[in-house]
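Shared between the two complexes below is chain A, which has chain B as its partner in the first and chain C in the second.
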Partner chain A sequence: MKLLTLNFLTCARKTCKATAASFPLHCREVELEQVEMDPNPLFIKNMLPRLDWKAMKGLTQELGLPQLPNEAPSEEELQGADGEPTQVLNDLHTLLMETSVVSGKLVCGNCEYEYPVKDGIASFLLPSHMV
Partner chain B sequence: MSTSAAAAPTYENQHVHAVYNQIAAHFSSTRHKPWPIIENFLRTLPAGAIGLDVGCGNGKYLSVNRDIFIVASDRSRNLLEIAGKEESHRPHAVVEADVLELPHPRGTFDFAICIAVVHHLSTAERRVEAVRGILETLRPEGRALVYVWALEQGGSRRGWTADDEQDVMVPWVMRGSKKAASADADGPANGGQDRVFHRYYHLYREGELNQDVTAAGGVVLDSGYEKDNWWVVAGRQLT
Partner chain C sequence: MLPTPSTSHVNYDQVYEPAEDSYLLLDTLSSASETAFLQRRFPQHATSPLVVEIGPGSGVVLAFVTAHAGRIFARRNVGTLGVDVNPVACAATRQTVQTASASARADCGVFLDAVNGDLTTAIKPGSVDVLIFNPPYVPSESLPSLPVHDEHDAADARGSFARDSHLLSLSTDGGIDGMEITNRLLAQLDVALSARGVAYILLCAQNKPEIVMAQVRAWPTRDASMLRWNVEKVASSGRKAGWEKLCVIRIWSDR
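Right, the complex of A and B next:
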């Protein structure tokens, strides 16, 4: 599961969704891998304003990955004068699209429930007593 | 055959989720071609759009547009594993989740598709709740495309008409054959015998899906009938 996904996941419990603590989920005992993929500069450029940068930055800290700057890069930083993608864009591609969670736990900051990730697929099925 | 609210989750576990897990490989082998209205809906989204495929099955819509990002979910782990392995699905992501307990922040997504899913819920309240949950994930201007099986399908081999029962068990047949008898356990046959699995469906009457959208607090922006299915494009507001 690519790291970008974590920007669009929260606790499955209805009572948690309304709380700020439930987003983003926290990574625990996570194993990462790189899954190679062709960069898509147009996608990165258009998607970036939709990204919760602060959540992404927090995630990289939790995972011990290289620090992100405090602010998201501007559009000019993503594309060189020659129209070619910059290193900034390629680094974002590597982080968001290629870096993937293979296994571990995603933990809700509100209820502490741990959602398991196995073989790259996170499971959000709740036991019946929690639904 | 409609179930009580308390019994519904167990009933659906047995008559929907367990069946799809058992037939996953065979079911997936019959599901390749995207339906045109759904393909067009996904293709015409702007690059960078972010959305959901709720009940993605084998992920056949994950190869339509690589300039968008789809978080696809399903109840069937076996179907998800098929969806996750396909290389053309790589720009997207798959997670295991229930349509009634979606693990997504509210008010966030540009679009959602939910194809052939809501008709597997066994009470009217749960079907409306599913639509409500999907609409809640959308940004104010977001759009959801929902497909359900129609009761009115006199032209299909099933031949149901508006006079028929709406809550039905629909067989899924894995044909046995001498050749396939030696195939592995996931294959279409088991000792050369036909194997029949029954899935629960609520077949939608004309207008019923639109009513569910309204009951869920949504707005119908477009709707129609295509190949034995009713479909609707719904939003949270008119514009």
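Right, the complex of A and C next:
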């Protein structure tokens, strides 16, 4: 599961949805892998405004990955004068699109429920008494 | 006609096989009228839209949208995500989308993942721009139970007939009027969709599409910036003696 996907997921419990602590989910005991993917610079650029930068920065900290700056890069930082993607953009591609959670747990910061990830697929199904 | 993604690797004992309903969705999403609608709704300068298919099964529809993003949205910076209650379908979807994308590199969008979940419950509120749902729409006496984590484990071991038919029933059985799951999804749309969000939902005649559409039009608006909920029938198939068997409705809001 790509790190970018975590930007769009929360705890599946109804009671957690309204709490700020249910996003982002926290990675625990995760195994990461790098999976090469065709770069799509325009996707990174046009997805950036939708990223919860603080959440992504927190995730990289939890995972022991290279630190993100405090502020999201500006558009100018993503594209060089020659129109080519910058190192900043390439690094974001590597982080968001190519860094994947193979296995481990995604933990809700509010209820502490642990959602398992296996073979890169996260499971958000809850036992019926918890829905 | 854009090519249909290959699903030959999928085990149809455990995952819904692409059928007339799947193909109606492919035709609808690539039709001149819907591509024009989507391109107006998500213009080039707007942030990248997120397409979420609920219940992708084999992944044929999500793979089609991902592989042909350039043709459908006139932009390749489109993200796609699948959510299926059947863990076997999640793995099938991932493979179908990746294979289709690899053979359409000049035209394809960006596949994020397939996750195992119940409708939109795990999706961050307000993040879905295009929701696609081919529901379990067949009227049935009861609804199958959702698989839970220990069954998720059991799904790794190749299968008993009972477990296979349970997984398949999740993709077909819709309870009363075949609408019980669709009604749950409809009730989640207001929260799941972004302000510019649009949903494509497939219905069959027994679902009473006209009643569903009247209900949608009567939904309360979310906030002061929203004028109204709109719904339109954008495709249908299987006409027999004036009765159509399947249709696709499009739900969106005006602001």
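Following the convention adopted for this analysis, the second predicted complex is superposed on the first by the 131 of 131 C-alpha atoms of A that agree within 3 Å, B and C clash if a C-alpha of one lies under 4 Å from a C-alpha of the other, contacts with A are read in each partner's own complex, and residues count from 1 in each chain.
By definition in this document, a contact is a pair of C-beta atoms (placed from the backbone, for glycine too) under 8 Å apart; a residue touches a chain by one contact, two chains touch by 3 or more.
These numbers come from a predicted model, not from an experiment.
> State whether chain B and chain C clash or fit side by side on chain A once the two structures are superposed.
On the superposed model, which is not a single observed complex, chain B and chain C clash.
> Kindly classify A:A12 by the partners it touches after superposition: chain B alone (first), chain C alone (second), both, or neither?
A:A12 contacts both chain B and chain C.
> Which holds for A:V35: it touches chain B only (first), chain C only (second), both, or neither?
first
> Per the contact definition in the header, classify A:K2: touching chain B only (first), chain C only (second), both, or neither.
Once the two structures are laid over each other on A, A:K2 reaches both partners.
> Tell me the contact category for A:F23 with respect to chain B and chain C: first, second, both or neither.
Both partners, chain B and chain C.
> Between chain B and chain C, whom does A:P127 touch in the aligned arrangement: first, second, both, or neither?
In the superposed model, A:P127 contacts chain C only, not chain B.
> Classify the contacts of A:G83 with the two partner chains as first (chain B alone), second (chain C alone), both, or neither.
So A:G83 meets neither chain B nor chain C here.
> Could you look at A:G64 and tell me whether it touches chain B, chain C, both or neither (first, second, both, neither)?
Neither partner.
> Which residues would you name on chain A as touching chain B in one complex and chain C in the other?
1-2, 4-5, 8-12, 14, 17, 23, 40, 42-43, 45-47, 50, 97, 115, 119-126, 128, 131
> If you look only at chain A, which of its residues touch chain B in the complex?
1-2, 4-5, 8-14, 17, 23, 35, 37, 40, 42-43, 45-48, 50, 97, 115, 119-126, 128, 131
> Could you pull out which chain B residues touch chain A in their complex?
9, 46-50, 66-69, 71, 73, 75, 77, 80-81, 84, 90-91, 93-98, 100-106, 108-109
> Report the residues of chain A in contact with chain C in the complex, numbered from low to high.
Against chain C, chain A makes touches at 1-2, 4-5, 7-12, 14, 17, 23, 38, 40, 42-43, 45-47, 49-50, 97, 115-116, 118-128, 131.
> Okay, in this complex, where on chain C does chain A touch?
That would be residues 46-48, 50, 75-79, 81, 85, 87, 90-91, 94, 105, 109-110, 112-118, 121-125, 127, 145-149, 152, 191 of chain C.
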